[in-house]
């Protein structure tokens, strides 16, 4: 299996461990990821506040690059583009929808791409790694490679907003289960909790901190209350908000108790028996010390 | 008023009494505005549609023909729409041989409750035929100059 | 040219209707009048404000008499609306009514066209077509066919019950077919009815037993219509009676068999109680079931599934009513009219996952709560949670599966009122704090607003806002162990979290899942949502596009009980008008064969779905039996020689119409 | 607050074209279908902090209360979680309406002063415009410099930790710009700017 890979800006900095663990896990599972060359920022939520057409154009350039580097075009099959960041995943998918639905915006963007000798013909399939692992690769294939099962580990799977909304394609919008099933396949125990898709605060943690912190605090508190030993995320911003702000959180909410927050790929790596350093676990603010595979 | 009036297609529609004609009435009751280029001829069943009607309409100056019948399985007369469908395929093939673009003749199943579909289909078809331009047949009557002016003015 | 045309020179009168401003605002009437004057054979053209009014009709009648008109064209609304009106007017003036032709310049022009000039042009085209066509019209006579006197009512809810009883009281023989093993429908499940709070059973069960005992009513329960043939006044209907495994005429409803069943306790979902209790494989649907006859469910009965049961039920029955060899049975009926009253289904609340139905045990549907508050329900009328405790705080969420683009767009019309009723009953029985979360309070009925007023004064809480979610995520100590409803109180403009013990989802009404199959069976139409379509929303609310088939109750659209009963009465009146008249006049648009042109190729014979065409060997031509012909014209379109033609729709008439619509230039 | 203010809204103070304009940018043609049920506000995780609930923003937009809608904190608190959009019974793309209002507010310079979200959006897009990618460290530095330089001191501990854990570098992420070669982002920007004019 070979796929194009769109890391996005965060996976090169705050979300470095996500990239490290994803690449390590994929290498172990035999999933080939080729980084899209010359990719640009997807535009995230911020560019959309400035100019819609330009925001979509940013996304569309990546889609066009993917078609070019994936060697697809009219009359050929599609190419998978794997985007681990939830915001990138959504923005790229949203751009696809907009190009298809809205002739006016689509026309402007097509013209702008053409100026740079690019074109997008609708042959990119956006995939989140969760989709890739559970649907393309299959849980059985993963299960077969587990060497250190997560026996006894209680995991709160947190999906966040943007991989299930508004374009839930690979999982249920209200009760997503792909990550839960993955955790079960790794030998762990997912906990049933109600805030799986409730927003972590997004960029508010950086801008209107008291609001962002409270949103993240509630998520962690409820996960703890439901007995979770660790919380898993599938998005660099969620992970950053939930993990890196636990100190200021404690200052604001004295009853806060620290909870390790990992990328789901990090926990996958542990179950597959990979070294902690290859998975970026040393970069955690709230260390994950629980032994696995015992 | 311009020298070259914009082309406005003329389309004859054959709607069955029970479904599509009723749907067109419903579109009216619901005040769904649509292009005025289509003129409806009511027949009891789409099964009544003689291919000659289509040919005659095109020869008499229509740029397109729209046929509306009940959805498959819904025919008031059990299967008139199926029987027409068979004829319709033959007709399309024949028209193609005459060099008539098959987008000019369209068949739609529209049930009595689908007033909105009448609106959509008519608007789509008028736009499509407008793009195709006038149907140029030898001996086809040309529109009265007065009409073109009025169309252009509108 | 046909013979009729030669017999008398056509003299056409054209009448353009303003329809108040409905047409006149979008169509330049004067321009249409002037245009019509230029058309061949036209003697007179007039316009009038309302052609369908008496003075309007007199206008054309006077012209027929004074100007010797022999063809009439009215340009007004759809022929489906007023063709009959003008035909009668024409006939009353001494002219054959089929010398009349209509041009639809309202529904097809003024109401759908934005531009006045173009609308005028389109009207002119349609008038031109009608004039060209009417010249070729021929005098025809309606064909009279006798009507069978009996009536079929489909559906045994309150609509069907009321219809059957009224017809039976008028002396008609009625067959009432009900899919469930008992009649009563949804109403039988309710405890009280709004706004009077009279007990549903007290007003319904007497009617149910009257249905059973009425000499003019044949009740077929646990039965479904599987085939309908024929036409207005003459329907042949096939009904499948599903095997009950109990002989109805023998069972006296003593329930001894139920007692004796090898299952000591109920183990299977009791659908009448909305799954809130369990029943045995042999069961009585509910104590007042009509007929009072048990049945055996083949899905759960050991004997029927494996043939290895002790059959204690059969042994216990002193009348030997139980028969495991019973099979489905087909009953054929001959009826003149059919009333369809198949009702509705309630919205499946699991389709809105954020309300937690099916996930949180104490989230109920309103129909479940109807059973909970019902004295003969699973809890004997006690409002209890799943664990048997009494709720202290209850939230009622309105519009569940209504007014929502993702589920049903329509307002279900009854939910506001039944939610108020349930709020009252719950408050009264438990003293609980009750919250109603509504979008808009809709109480437009006799005594309805007064009922709302009463509830407000009773201290029930009202929050204007659509509940966003029901969650077990708790934040504050008072929320602990409760379900929390999150919603904006839109009148205050803040988001509230309401902790409750019980959530009631006021589920909307929707068309039955199999509405599409049912409507096909009866050859009627339904809306996209599955509601059966009335012939006209205002003027023919219980008629359908198929003559002789009428609709009543919620199968046509959401309705409360008073409206349902009123509509059932209206459907009965229509059916009686048909049946008591004794005959119907069929539209004479039948096909016919011109012998001289027929080559005897048999093409038409295969086309006819009604076997109306036969080959006359001696003459070597096809012949059409007008009594069997329904007038679709499919054979006419197929005839290679033009020998087959259709009255009112001859090739020549249609060609003229085509030329007419194109000749508007 | 002892001050009493008069709140009547004169028709002349409303902008009759505002709804249309916003519906146009937002692909929010359904904006007018709002039945004010408040589901959006109930579903919104941030609504408790907003000065107007999302429902009220829709109502104000529809009624032409331009100044109020554009200067509200609501639009800047929207975290783009799409819950409102997904839940709206009238399928109004509320998140996109919020984006449209943000765009309009920035254009009209009506957003609340020193409200960092608006600044973030501006700084973010400027960086992406210039470098093609976004470097989180630089973004944060600009953000605090432009809004609240003192708050940066508090954040410096976090920044330092991120730096030490290798989660934030001083290196600017960038792609080649203005090469004029196939796929050049600068060429695309230029084409879009031309189209705008």
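Letters A, B, C and D name the chains as they come in the text, with residue numbers starting at 1 for each one.
The definition used in the following text is that a contact is a pair of C-beta atoms (placed from the backbone, for glycine too) under 8 Å apart; a residue touches a chain by one contact, two chains touch by 3 or more.
Not measured: the values here are computed from a predicted model.
Enquirer: Looking only at C-beta pairs that count as contacts, which pair of chains has more of them, C-D or A-D?
Expert: Between the chain pairs C-D and A-D, A-D carries more contacts.
Enquirer: Roughly how far is chain C from chain D, going centre to centre by Cα mean, in whole Å?
Expert: 50
Enquirer: With chain centres taken as the means of their Cα atoms, state the distance from chain A to chain B in Å.
Expert: Spacing between the chain centres: roughly 51 Å.
Enquirer: Roughly how far is chain A from chain D, centre to centre by C-alpha average, rounded to an integer in Å?
Expert: Averaging C-alpha atoms per chain gives centres 22 Å apart.
Enquirer: Go ahead and note the Å separation of the Cα centroids belonging to chain B and chain C.
Expert: Averaging C-alpha atoms per chain gives centres 31 Å apart.
Enquirer: What positions in chain C touch 2 or more of the other chains?
Expert: Touching at least two other chains: 354.
Enquirer: Considering every pair of chains, which are in touch?
Expert: A-C, A-D, B-C, C-D
Enquirer: If you look only at chain A, which of its residues touch chain D in the complex?
Expert: Against chain D, the touching part of chain A is residues 9-10, 12-17, 38-41, 43-54, 57-58, 61, 64-65, 68, 90, 98, 101-102, 108, 111-118, 161-162, 165-166, 173, 198-199, 201-204, 206-208, 211, 215, 244-245, 247-248, 282-285.
Enquirer: Inside the complex, what are the residues of chain B that reach chain C?
Expert: Against chain C, the touching part of chain B is residues 10, 12, 17-19, 21-22, 24-25, 27-29, 31-34, 36, 39-45, 47-53, 56-57, 60-62, 73-74, 76-80, 83-84, 87, 111-114, 119, 141, 143-144, 146-147, 150-151, 153-154.
Enquirer: Once bound in the complex, which stretches of chain C touch chain A?
Expert: Residues in contact with chain A: 353-354, 471-473, 475.
Enquirer: What does chain C use to touch chain D in their complex?
Expert: 354, 399, 403-406, 439-440, 464-469, 486-490, 493-495
Enquirer: Would you mind writing out the residues of chain D in touch with chain A in their complex?
Expert: 25, 27, 45-46, 49, 76-77, 79-83, 85-86, 95, 99-100, 102-103, 106, 116-118, 120-122, 124-125, 128, 132-137, 140, 143, 158, 161-162, 165-169, 173, 175-176, 182-185, 187-192, 195
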